[in-house]
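Order of writing sets the labels: A, B and C. Residues in every chain begin at 1.
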Amino acid sequence: MRPKVEVRSLNAWFKANHALRNVSLTVPANTVLAIIGPSGCGKTTFVRCLNRMHELVPGACQSGNVLVDGQDLHARRVDPVNLRRRVGMVFQRANPFPTMTIFDNVVAGLKLNGVRGDYPALVEKSLRQAALWDEVKDRLRQSAVSLSGGQQQRLCIARALAVDPEVLLMDEPASALDPIATARIEELIRGLRESLTIVIVTHNMQQAARVSDSTAFFYMGELIEHGPTEQIFTNPRESRTEDYVTGKFG
Amino acid sequence: MNSLMARRAVNWIMTGLCGLALAIALVPLVSLLWLVISRGLAGLSWSFFTALPAPVGETGGGVGNAIAGTLYIVGIACLIGVPFGVGAGVYLAERGDTRLGDGIRFIAEVLSGVPSIVVGIVAYGLVVIPMRRFSALAGGVALAVLMVPTLARSTEELIRLVPHELREASLALGVPQWRTSLRVVLRTALGGIMTAILLTVARAAGETAPLLFTSLNNQYWNWRADQPTASLTVQIYNYAVSPYAEWHDRAWTSALILLLLVGSLALAGRLLSRRRVR
Amino acid sequence: MKAHTDKTYDLQLDDLRNKLLTLGGYVETEIATTMRALTERDSKLAETVIGQDREVNRLEIEIDEACRRLLVLRQPAASDLRFITTALKIVVDLERIGDLAVNIAERAIDLNQSPPLKPIPDLSRLADLGQRQVRAALDAFVEADPDKAEQVIKNDDLLDSLYHNLVNELLALMMEDPRNIRRANSLLFVAKHLERIGDHATNVAEMVIYMVRGTDIRHPGSRK
């Protein structure tokens, strides 16, 4: 399979704290990679390095290479702003822009950048992709905060999809949602795999097992094991992975 | 059971004490309102809002020029103070986690503690002396200097209240920092900042001391920024220190008008913020 | 082995393990008792085997329930998942072994109605071997010892060839004297049951290897 994202000896720091240690892995195109691990293991830092959101935190720095389609995105000459249009992100807490309508939220990535386009068509396409269209098509001019938590999160996914990214990073996208909303998001992830490559961070191991093709286990900033999801959950090679997935930590 | 009774008793006594403290605190406020309304209401008429002040001995007349002057001076103060105040607040919130930011915050803190009469003297030195005359502009500058530190601090706080997630959402969409600050963060905080501006304006409108030797006073209508201008507060001061009983009455009525003006500004600010919260 | 963060999870897994061992113990005794009933021509003893099998059936249901409960409540992964799925599978094999012991017991009661045939040493050797295979498979499970399990799988060939010898012996007996046919036929069934017991022991051993190593060694060549 064609590698979409290649990470080579990635290191990340918060001031003196070495948050990611020499992580290397490859995500094939049109697959879902799940990142699991206990709190503070570097999962979130890892995905935030992929779209260079990490470097926005004061005192944060990183080294190593992240290649998307073979192109190094951490090279000096690459503008992180352009990179983030190719590598989209969905956050743990749904964060629609509260001052904007549902419609404007979807096209925010274009509008805020002054990009013109066929907004109505794009809004419909993105909302359909995010499986939200039928629920909101009659209230596109309402405020985004009038939606329920699960709808808000799908709106955020639609907003990320509207800029047409190639890679979508999801940082615990369903951790604040009820099981039905979670199932919708998971169903969505499986469908999105057709058109993009997805990296999802999750605390919920069953969720990782359900949605991902491969799973990476992080511990104390290190990538302990990365393999096919089924193997990680039935027969992990590393004892630390085994301990984590069977619940023998701490 | 005994301890439950005891706790209930303590609870009751403490609630009572708190209520008492509230009542005592309300006494000066209510009596002030009562005094201003009861003494000022008699002189209230339409012409009091529109007419020029009448000389001693004449009945009638009003404080129309002072009301206009107050609005005029406050308007000038807003034109100067709001951009500086809000701008400084945005800077402090976005880039203020440095020594410089801490310094600015400290100065703002000190500045908001400076007695307003001192601010008046500064404006006198800065504007009145070079221009060689008292003017609305000098009054506006004085009020602006008063507004900037509070406005800067409240703007900073309001921007910091904007969830970090929104900023990240925007950045993650490939929106550059400056556009994010302006079109997402400031936009989201705007309602709160409007409220802050209204409350700060209300406070500035009630100031007398900074205007005493900046805009001074004027017996006539004035719309020129470089001329002395009447204001409600100075007018009240002048009426109040005069030896004439009817001027004292006019001082009360003017005070009532000032109270209404400031009160409605503050109320508007509150309503705005409540609508935003909902 | 490291303990689970949630200690009750460990207790529930231990409980399941103990139930399986109890079941294994029952089945082992069933084979021993049934063979004694056969060789000593003791129909009373054979009856007790049939009685004991009710315990086996009860335990099988309990183990199934325990597995289901663990699966739904704990969503086990990795070694825990392999242990529980193994338990679900070997409980079936153990219960079948119990049933086969009962079948042998029924044959024994039937045989005791007629005079004894001449002693057939290979039969008791087959019974011995079958019983040992079951015990070795259970040991491999308890000790999570894949080497022991592999030994069980290897020994099954031994059991098979012994069975074929025995079949020939019994066929010879039948041809020798038609009056032997009924009894020899019964013994043929006993031999067949013992051979089946050996197969079930092999199944258990294969599952033990899966449980420990995570690799499925059954039916090589049938996977995609």
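Quick notes on this structure:
Throughout what follows, contacts are C-beta pairs under 8 Å (C-beta built on N, C-alpha and C of every residue); 3 or more make two chains touch, one makes a residue touch a chain.
Source: prediction; values computed, not measured.
Relative to subunit A, the chain whose mean Cα position lies farthest away is C.
A comparison of C-alpha centroids places A closest to the centre of the full protein.
Centre-to-centre separation of subunit A and subunit B, using mean CA positions: 47 Å.
Each chain gets one centre point, the mean of its Cα atoms, and the points for subunit A and subunit C are 51 Å apart.
Distance between subunit B and subunit C, defined via averaged C-alpha coordinates, is recorded as 91 Å.
Within the complex, the subunit C residues that touch subunit A are 2-6, 9, 74-82, 213-215. Partner subunit B is touched in their complex by these residues of subunit A: 51, 53, 56, 58, 81-85, 88-89, 91, 93, 95-99, 108-109, 112-113, 156, 159-160, 163.
Put simply, subunit A touches subunit C in their complex at residues 205-206, 209, 233-236, 241-243, 245-250.
Per the touch definition, subunit B reaches subunit A in the complex via residues 97, 163, 165-166, 168-176, 179-180, 183-184, 187-188, 190.
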